[in-house]
């Protein structure tokens, strides 16, 4: 018999859907000691909460997150709301002694993140942040190759996350759908939303970042605000880029923007090592590009690895279909749930924990500070 | 309130999983009048049937398909077993007055398929065959473009389906896992397994095929048989290719094989029209390649369309995540279930029906006959 | 001191330019015993011949090819005129005891080609046909890999040559620029023009073809004729495709057309062997795609080899620039001249000789005969 | 009758070959008033100079560049020697009243470059710097599209130039072949060698750069020196990256390195505008990637334009072969010579002039200064 893990989810938007889907599907594909049980969904609007609960199979719904956190029949709370709410909720969950899973970025800033880390560590509750891209099989494979030493000494790491959905200057800011454009909800713009993904992956694959030199820009200076009903200054960063030094001596180059016409969600990274290099691209997430200088000289070339093979060779893929058949974006969340449940069963923390995600927050803060002051900033 | 559609599924293998997953997910993503209810799974082996039912959430299981077909609490039977069993089962389901969904290819041959069509038509039961690739969004988009007349007169259609999993000559034939190599279960080799997919799509996109000239080959002449325990002649085709004329005057070229090293499931098609051309590839199924000669001369080029946009523009994609985030293989089944349920609600047959799939069977039979006799064969 | 090889060239069109360029450049890049000397260019129109000679640095010009062939100050005649003229000219050159280089295809048909072979062999003169694609470095590399046994047993060979320049039905036929559309000058359509290239490469890479089953089509049935001034039936094939068996047991699939919208000169081939596969594409001719099943399982993928490396590893590339910098179409002719001059110096025939090219002619004739009669034809 | 332009070339290395090839070929493909005449080649070593002159068809050779500059029978001097020699030579040529063409980068630094500009301007002699990539047809096409306003307001410009040839730490520095690793000959490392190309293109396509924030690195700290015979500190930059602001308000990101395993000469740029975006890559230099947001919504995608079309549509391509047949690296030099000769005939300066190239030098100096001091630097 499997054990239930009773989930309460706060926030019924895009991420609420992605997480709910993962909870629903994981037991169809993974043999695990724990089975997620969708106990309650929570949103301020009762109608939305009820509809969401019905669609996704939650047994009940709540409109007050504090009520949810206090319910005895719930083991874990999943926080899928705008960034400015993470701190208060996560600390409350920890204090209630419950498992806490939190959407990325961890917090509005390092100070908030630090408080959250202290809360979960003091309470001793399992915790995790949804930097889901680590669990795209091609990205996990990249991590394995690096761990095996396939690359040798690393010289370069570059990553970018390019979108184009905010170019129109008549797009408003604020409210349920567009809180990402409102600094009071989002904290920052693309730095926390997009660069944070790039940074999390980079720290995982290439280790800590020592210092950064950054540049940010807000191309559209004011937008109609959905909450005030007036034109308001735009306080988020529309684009953010930085140079950095990693602790291992390699150089980093990061960029994100929502003004790159032609890219919807182009998250790419490339790592150049002494012996081998790796590239990946979210737009074709089931492929990993790999170059190995140790190949026979005349046959050297970038290999396009279709990461769909079985038998334990390609991470996670033995759980799905047959070789050659690709999975998609949503599966990264299923894998993260599977790993988290496995960690619960064995009592092992599963990264990225709050503490891991705090490092990403620190880099983001250094980026914003460097962009503000125009000089290099240490990550601390 | 939605209405239940109570499903009984026969066959708990790869396709049983793919279909069960589709039934489980469709209501999370599509608003439909009908909701699939997983009533019973059926396999000859009780342990397998029970485990499968548990994993996928079927309320019960059966070991005798005839019992399943007679159950009053089931509305639709889904047949996911080897090809030689399709005829008997489908006819029994039709005679029991139930909806019947059948894995592709429809049957071992045209004669069997004809009997199946007559049975479902006589019984007046809704029916469908799982040629799932029509519902990959990029393929559906290709169909839309052709319907809109974007291509103009069509000159060429070419398709291939390339795999490499049977190259090793110590791979056995027969039994649960390898029935596709055993002609008594599969009927043919790659013709019915892989070419049938190419043909179904082609008929849908480009209309009927008039005649064919074909070539088949069996590279490994005998293999150990899992059921007899002896080396036995291999009677399936390992590779199959044909030239053809379509009714619309265009020329076709089709090829499939399990001996193309480097390809796991490379199903590609390309259509060349007077004004525009289209290409697609299952290995990157979320992309459609499109060339339009009417573009400004110096800017003409093949467009790589990332078929992940929203708002009704890209078929089905408004139901999933956000632009730029790809879905995968399994989603084609979800879409097929969604369309089928929509058809039930409106009383409209949803293709490919048994009758549609019979045309594919006729082309397959003409291919095998042409390869046998070495001359052109009309499709009839 | 190098020895001069005094060239007389007949035909001042596209191929006349490509060959002249090759003669002019070869000594800048290759150290050879022989140096081409551009002695005379010949065209029926004196003005054209003179202008061409001036542009390309020919010391003189002629308007009667028979005069050119008889000149004492010429060692080699290069025939760059429409196909129906090859036979008479080549035989005359051979009888004059001169070296003969002939544009592809060798002749209008096998009988003519046979006579040409007999003439050069009787006269004992060095001879070569301009199937230039063998000397694209990536193609030469493919040949090396096959010779080394990298592929193992070959199962499949497929090639196509796709263009789109004759789709417009108001394009006329005949005359200097459009003789390729006039059967009396060209013999056949795409079979001799495009498929012949595919066949030459295939015979070189994969050995002899045993038999073929073909289909041809003429999409536009009549066109204005530049010479008669009237609408005339189009007697060439606009598209040509065939299935075949190679002597080594592999299966072949070939297609060419001038009605594939979006392709200007897409010549591709793919070879699938037991251990490895190879792909190439004229549109990116400096790349070779290579898949090796012996690579570490999780790292298997198609390698995109940028065939621009030095040091003898990538054929011919040590003569050009630095690694990473690509060469183009015209260089294949320079390489063919270099090899031919090297062969002259060592007394070794350089393929494709007339005799080699006759095999391609035989396959073309079998293709046309099979298309005509609708059944398989042996190559003979 | 065409007029001769009598060329004297200094430096018989890689660039000497590339330029000589361009002079030799231009008249075969372009109709121009001026024809280059290869009058003399100059190198310190007599044997090298003589051999080079013979290979490339120079009428004579010299071993003292000052003698060459004073010869009456020479109209233009082409400087193809290491960077530290540019200043003295170029000024001497200008003072001799001759046309001067100079390899890139213009000089070791802005001060030297400024002196060179003043010399050519005072003397009133035509002058040009060999930033050849502007004349790759796809890059020229990019320039045309921007001039036409296809992109609208520009938000982002990113470029990198990645190589991997200096990773081995036993590679020595200095001497004829390896002067690029010796700061006394090269001035800087990849900044002047590779980034300079990226900067020249960027200034041409996107206008002036206002300020930069840079980072440089030397991965291998000391190498054997070919001239001193001892291990010596490496004073060049192995890698160089910078953030910048363009005058037009767009953000720039530039990177170059010789430590990117898997890249031989990967020069790429991407420009994101309000309406359209453009990408290019030297590894496939005959293609331009183009995305236009104004395309019909469901058909938007990156177009891969094969820049090989005729009729004046694709820059320069009407001079070469037929559509679909690619040219290579060396042709960019032919185009630059053609444009320069055209400019001579019409009396129009042809960019990049010395003055244009000085701007690139200023950006390079700002990059090196910013990397040194760790803060933003204005370009001046």
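Letters A, B, C and D mark the chains as written, and numbering starts fresh at 1 in each.
What we mean here is this: contacts are C-beta pairs under 8 Å (C-beta built on N, C-alpha and C of every residue); 3 or more make two chains touch, one makes a residue touch a chain.
None of the values given here were measured: they were computed from a predicted structure.
Set against the Cα centre of chain B, the chain with the most distant centre is D. C-beta contact counts were set side by side for B-C and B-D; B-C has more.
Spacing of chain A relative to chain B, judged by their CA centroids, is 36 angstrom.
Here the CA centre of chain B is 42 Å from the CA centre of chain C. The distance from the centre of chain B to the centre of chain D, each centre being the mean of the chain's C-alpha atoms, comes to 55 Å. Within chain D, the positions touching two or more other chains are listed as 263, 300, 302, 306, 309.
Those residues of chain A that touch chain C in the shared complex are 141, 144-145, 288, 290, 292, 295, 297-306, 309, 311, 313-314. Of all residues in chain C, those touching chain D in their complex are 14, 17-18, 20-21, 24-25, 27-28, 55-57, 163, 165, 263-266, 282-287, 306, 308-309, 320-331.
Within the complex formed with chain D, the chain A residues making contact are 155-156, 158, 162, 164, 167, 213-215, 217, 219, 239, 241-243, 245, 249, 251, 253, 255, 257, 259-263, 272-277, 291, 293, 300, 302, 374-376.
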